[in-house]
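In what comes next, subunit A is part of two complexes: it sits with subunit B in the first one and with subunit C in the second one.
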Partner chain A sequence: MSNLLDLLVAGLATGAIYALVAVGFTLLWQTSQTINFAQGEFVMLPAFLMLAVMHAGAPFWLAIILGILLSLLLLGLGFKLLLVDPMLRHGVLPLAIATMALAIGMKEAVKQFFSAEASPFPSIVPAGDVWILGRVVSVQSLGVLALAIAVVIGLTALLNRTSIGHQMQATAQNPTVARIIGVPVERMILLTFLINAFLVALASLLITPIYLAKFSSGEVLGQAAFIAAIVGGFNQVRGAIAGGLLIGVVDNLAAAYVSTQYRAAVPLILLIVIILFRPQGLLGRPEERTV
Partner chain B sequence: MTAIGKYWRIALGVAVIAALIIVPMNFNRYGLYILSQWAVMTIAAMGLNLTLGYAGQVSLAQGAFVGIGAYAAAIMTTQGMPLIAALGVAIVLCFAIGWILGYPALRVQHHYLAFVTLAFSTLAFLVFRNEDWLTKGIYGISNIPRPNVLGFATNRPLPFYYFCLGSLGIVSLAMWWLIRSPWGRAFVALRENPVRALSLGIDTRRYTLMAFAIGSALGGVAGTLYAPLTQYIDPVPFNLSLSLDLLMMVIVGGSGFFFGPFLGAMIAVLLPEWLRFTQGYYLMLYAVAVMLLLIYSPTGILGILDRYLTERRTKAASALRAVAKSRLETAP
Partner chain C sequence: MRSGIFAGLLLVTVSAATAFAQGAPIKLADVAELSGGGATVGNNWKNGIDLAIEEINAKGGVLGRKLEVTHADSQSNPGVARAQVQKALDNEPYVLLGPGYSGSVKVTSPLAAEAGITQIMGGEAAELTQGGNKFLFRTSFGQQSSMPKVAKYINDELKAKSVAIVWVNNDFGKGGRDVISKEFAKYNIKVAADLSTEAGQADFAADVSKIKAAAPDAVFIYLNEEESARILKELKRQAVAVPLVGETTLIGQKVVELAGDAANGARGHVGLTTDAPVDLVKAFRDKFVKKYNYVPDHNGLKGYLAIYMVKATTEKMGKVDAKKFADTLHGLTIKAASEPGILMDVTFDEKGDIDRQGFLVEIVEGKQVVKQVLPKLN
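Let's turn to the complex of A and B:
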C-alpha cells in the first residue's frame, strides 16, 4: 500500500480535470439538450491556440489569456451560434451527430494546420516534489488538484449563491417556467456555453503539460468526461464533479492494481453497472420520460 | 414515392444495378477496393438503420460487430475453414451479443443507451488488442484468404467486388422483405410511438431486442466480408470511430429510409476519396459537409428528397382540390 497515496493524489488530480470537462458537458445538456461529442476535442484545441500564440512570440501568460479568450469566442459563442442554434430544433440526435462531425473536423484541422506530432506544453505549476506523510508527491499533481478544486468551488458558488446562478439553474430545470418568471433564458443558455468554453480551456491548460499537446488527445479525454458525467449523474453539476473524481481515482488504481492492458475497461464496466442499476447516475435525479 | 411512377422506379433500379455491374469492369485495383468497401459498409449501415431508423435505438457499437465478424472470418479462414462457416459463427455471435446488449435498451433510453453501446465498443476493441492468443493483438492477422464462390475463385479484385455486390444484393432483398413483414411494421410502430405500440399489443421488449440483434448480426455479416477484402486485419479499424462513422452514414443518408444506408455509405466511403485531391484537407471538408447537410436537413439526403416529393404531392393535391372547387362553384 506504499504508493496508494501517490495513486490517490494523481487520480484526484486527473479526476478533477475530468470533472471540469464533465461539468461543462452536463451544463450544456441541462440548458440546451446538447450532447457534445466534441467535448474532448474542445479540451484539445485551447492548448494549440495557446501554443500558436506562443509561436508568434508572445509570453506564456499572454498566450493563456488569449487562448482562453479565443476559446470563449470559438468554442463558446461560435459553437452555439453556428452549430447548436441552427440544429437545436431538429432534436438531440442530429445535433449529436453534427458534434461528431465537428470532432473530426477539429482533429483534422489541428493535424493539418499545426502538427501531427505531439508537442510539449509548459506547465503553469512548477515541477518538483514535496514530502507529505513521509511520501514524495509531485507538486504538479497537487497544484492541478488545487486549481481544479478552486474552479469547481467557484463554479458551485456561482450556481448556488448568486442570482445569475439561480437563473441558470431555473433555465436548466424548466426553460418555459423560467421564461415566465422573467429569467432571460437565451442569455443564460449563452452563458452556459461560455462557461463550458472557459472550463475546457482551463482543463486544457492543466492537463496538456501532463499528456502533451496532440491532435488526437481529445478522444480519451472526451470519453473519460462522458463516463464521469453519466456515472455521477447526467443532470447534476455535483454529480459530474463526483463522477470525475471517481473516474480519475478508479482509472489510476486500475492501472496499478488490475492490468495495464485492461485499465481502460475498468471505468467502462463501472459505467455499465451504474447505468443498469442506477441509470440516473449516482447523484442524479431521474428524468421524466416524455412520450 | 408514387410521384415517380412504378415503371420509372423499376427502370431506375435496373439501370443502377446494371451500372454497378458493368461500369467497374475497367476500374483499377484501388477503385474496385473502394467500391467493395462501399458494399461492405452499406451492409453494416443497413443493420444499424434497422436498429436506429426503424426501432429508434441509438447504437454506438456497430463498428464492434463489424470487428467481431472480421475476426471470426480472419481466425477461421486462416485455419482452413470455409468463409460460410465463419459467416454462420459471426451471425450467431453478433445476434447473441446484440440481444444481450439490447437489454439496457429496455431500461435506459437515448443517450444512456448510446453510452452503454459506446462502452461495449471500447471493450471489444480492448479484447481485439489484448487477447493475443486469439487475435494476434496489435500485430494483426495477415494472409486472410478470399473464398471460392460456387467454384469461382475470388482472389482477383473484380470477382471479389462481385462477391461483395452479390452479398449486398442478398442482404438488401432480405431487408426489403423484413421491413414489409409484420416484424418490420412492428419496428416502425415501436419507433413512432412506443407507448401506443405497446397498447396495440406489440411486445415492445421482444421487438426492441430483435431489432438490436438483427442489426448487430448484419454488422457481423459486413465484418466477414471486410476481412477477406483487406486480407489483413488489426484492431485499429474497429475502434470507436468506425461505430461513429457508421452512425453518421445512417443519419447522413437518411435514417429510417430503405436506401439511406446506400447513400450514406457512398458519401462516407467515396466522398473522402473524391476529395483526396485536396490532400490533407479532405476529412476536414467531409466534416464540414456533414455538418452543413445536417443543419440543412437533419433527416439526411433522402430527407430532402422526401420533403420535395411530399411538397409536390401536396401541391398536386391542392391543385386538384382547387379545380374541383372551381367546378363545384361554376356548376349550375
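Let's turn to the complex of A and C:
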C-alpha cells in the first residue's frame, strides 16, 4: 500500500507534465485545427535555449525568463506566422506533415549546434524529502506536481472566468460566428499559440532536470502527451489534463505491477481500448460534421 | 632559365621520392555511436582516436606512414552500424575501430572477420569473444573478467545478502546480468529484484519504487551512462540509502556530470578511469582536457589506446600487413615502458580479451576516488 503511494505521487508528477503538453495539443486543435507533431520537440527546445543563455554567463533565473520569452517568440509567434498560417490554407494534412518535418529539423539542429550528448539541467524545485502518511516523498515530485496543477488551474480559470477566455472558447467553437459578434478571432488564435509556447517552456523547465537535456528527449514526451490528449479527449482541455494524469499513473503502475519490459505497451493498449469504446476520449465530446 | 627548370624538376623528383619512401597513409575506419543513446560513448571514443592519431602523426607516423581515419555514425543502432561497417570494409581499411555498443559489435564482427580485417572495439558483453572470432579484440575487460570482481566486492566488502539488479534490456545489459547472477549464486547472495529497463528510458520512478519494496542490502546497476545518471537521480529522490554498485558505466565522468550530487557514493569496478593512479593515464587526461576542454570517460581512453594497439602491433610486425595483424596481436604483451600510449602494460589472449590492471572506485564529492588497484592477472 505504501509502495502504491510512492507510485501514485511519482505517476501524478510525471502525468501532470504530460497534461501540460497535452493541453497544448487540444488548444491548438480547437482554435486552429492544428495537430502539432513537433509538440515533444517544443518541450525539448526551451531547455536548450535556457542552457544557451546560461552558457553565455547569465544566472539561472535570468535564463528561465529569457528562455520563456524566446519560446514565446519562436514556438508561439514564429510557429504560427512562419509555418501554420502558410500551410493551413493547404489543409490539415499538409500542415501535420510539415510539423513532422519541423520536429526532425529541430532535433537535428539542436544535435548539430549544441550536442548529441545529454546535458545536466538545474532544478527549480529544491532537493529533499517530506513525510506523508508515514512515507518519504521527494519534494521534487511534489513541487513538479504542485506547479503543474497550479498552471492547469490558472489556465482553466483563464478559459472559464475571464472575458479573454470566453472569447477564446467562442473562437474554438465557431470562428465565423465569433467574428460576427465582434471577437478578435486572429488575436485569440495567436494567444492560443502563445499559451502553448508558455506551457511547453514550463514543462521543459520541470521535466528536464529529471529526463536530462537531450536533442531526442521530445520523442517520448510528445508521444505520451499525444496519447494522453486522445485518451482524455482531443477537443477538451479538461480531457487532456485527465488523460495526462491517467497516462502518468498507468505507466508507473504498469511498470511496477505488470512488467517493466512491457510498460511502453500499456498506454498504447489503453489508447486502443478507449478508441474502440469511446472514440471521442474519456471527457471529449463527439465531433459533429455537416454535409 | 634552364637551371631554374632543372632545379624545379629536381625538387619535384625529390618530393615524389620522399613521398614514395613514406608511403601512402594507413587507412583506418571507425564506426561509432556519434549520435543516439550512445552518443557519450561514441564521441569520447572518437575524440580519443583523433588525439592518438594526431600525436602519432606529429612524431612521423607508424613505420614512416601517417595514420588516417574516417569516422562513421552508427546512430547507436545495430542495423545502421552493420551498414556503416559494410561500407567501411568496402574501402579496405587496415583496421576497423568500434563500435562501442555490444549489440552493434555482435552484428558487425562477422563482417570484419569475413573480410579478414581486425576489429578493435569497445563492447563489453561476455559473449563477444566467446565465439571463436579471431579478428575481434577488446579495449576493455569483458563481463566475464569484471563481474566476478564486482560480485566478490559486494560479498566481501559490503557483506550484502540480497541485491536488486537493474539492467538495460540489450546485449550489453543482459550479458552483464547473466554473469553477475551466476556470480551471486556462488556466494549465496539472493537476487531481491531483477529489473530490466529500456535503453533511452527517461522515467525510473516505478523501477526505484520496486527496489524500495524489495528492500535489498545493495543495488547493482548495469545501464548505459545517461540512464545510469537518471536512475541515480531517482534513487536519491526516493531516498534509497543502500550501497549502489556498478561497473564502469555507473561511475563514468559523464554520469557524474549528469547526475550531480546523486552520483556521490556510487561505487564499482572500472577497467579504465582517468583518475587512475597511473602517471601515463594522468598525462593522457591532461592532453585530452587541453584539446577538448572536458574530462573524458573510459571510452576516451579506449579510443586512444586502440590506436596505440595498432601502432605497437604494426611496429612488432615491421610492416603494414592487414592479414597478419590479428595473428600478431594474439598473445602480444605491450609494455607501457616501451609504448607509453598504451598507458598500462597489457596482454591480449587468444580470444582477443585483454588483461591489465583494474580499479575499484567510489564517487566522492563528484569525483572518482580509486579505492583499490587490482593487479594484472598474467
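As a working rule, the second predicted complex is superposed on the first by the 289 of 291 C-alpha atoms of A that agree within 3 Å, B and C clash if a C-alpha of one lies under 4 Å from a C-alpha of the other, contacts with A are read in each partner's own complex, and residues count from 1 in each chain.
The rule is simple: a residue touches a chain if its C-beta (ideal position, glycine included) is under 8 Å from a C-beta of that chain, and two chains touch if they have at least 3 such contacts.
Owing to the predicted nature of the structure, the values given are computational and were not obtained by experimental measurement.
Visitor: Subunit A superposed: clash or fit between subunit B and subunit C?
Guide: fit
Visitor: When the two structures are overlaid on chain A, which partner does A:G11 contact: first (subunit B), second (subunit C), both, or neither?
Guide: second
Visitor: Which partner chains sit in contact with A:R179 here, subunit B, subunit C, both or neither? Use first/second/both/neither.
Guide: After superposition on chain A, A:R179 lies in contact with neither partner.
Visitor: Tell me the angle subtended at the Cα centre of subunit A by the Cα centres of subunit B and subunit C, rounded to the nearest 10 °.
Guide: The C-alpha centres give an angle of about 70 degrees at subunit A.
Visitor: Kindly classify A:I35 by the partners it touches after superposition: subunit B alone (first), subunit C alone (second), both, or neither?
Guide: first
Visitor: By the touch definition at the top of the document, which applies to A:S141: first (subunit B), second (subunit C), both, or neither?
Guide: Touch status of A:S141: second partner only.
Visitor: When the two structures are overlaid on chain A, which partner does A:H90 contact: first (subunit B), second (subunit C), both, or neither?
Guide: Touch status of A:H90: first partner only.
Visitor: Using the superposition on chain A described above, determine whether A:A118 touches subunit B (first), subunit C (second), both, or neither.
Guide: After superposition on chain A, A:A118 lies in contact with subunit C alone.
Visitor: Have a look at where A:Q261 lands relative to subunit B and subunit C in the superposition and call it first, second, both or neither.
Guide: both
Visitor: Give me, in Å and rounded to a whole number, the least C-alpha distance separating subunit B from subunit C in the superposition.
Guide: 5
Visitor: Report, in rising order, the residues of subunit A that make contact with subunit B in one complex and with subunit C in the other.
Guide: Comparing the two interfaces on subunit A, one with subunit B and one with subunit C, the shared residues are 111, 261, 264.
Visitor: So in the complex, the part of subunit C that touches subunit A is made up of which residues?
Guide: That would be residues 34-36, 39-40, 43, 169, 195-198, 200, 202-203, 205-207, 209-210, 212-213, 226, 229-230, 233-234, 236-239, 254, 257-261 of subunit C.
Visitor: Mind pulling up the subunit A residues that touch subunit B in the complex?
Guide: Of all residues in subunit A, those touching subunit B are 35, 37, 83, 86-87, 90-98, 100-102, 104-105, 108-109, 111-112, 219, 223, 226-227, 230, 234, 261-262, 264-265, 268-269, 271-272, 275-276, 279, 289, 291.
Visitor: In the complex, go through subunit B and note every residue touching subunit A.
Guide: 58, 104, 107-112, 114-116, 118-120, 122-123, 126, 129-130, 193-195, 240, 244, 247-248, 251-252, 280-281, 283-284, 286-288, 290-291, 294-295, 298-299
Visitor: Please output the residues of subunit A touching subunit C within their complex, sorted ascending.
Guide: 3, 6-7, 10-11, 13-14, 111, 115-120, 127, 129, 136, 138, 140-141, 209-212, 214, 216-217, 220-221, 251-256, 260-261, 263-264
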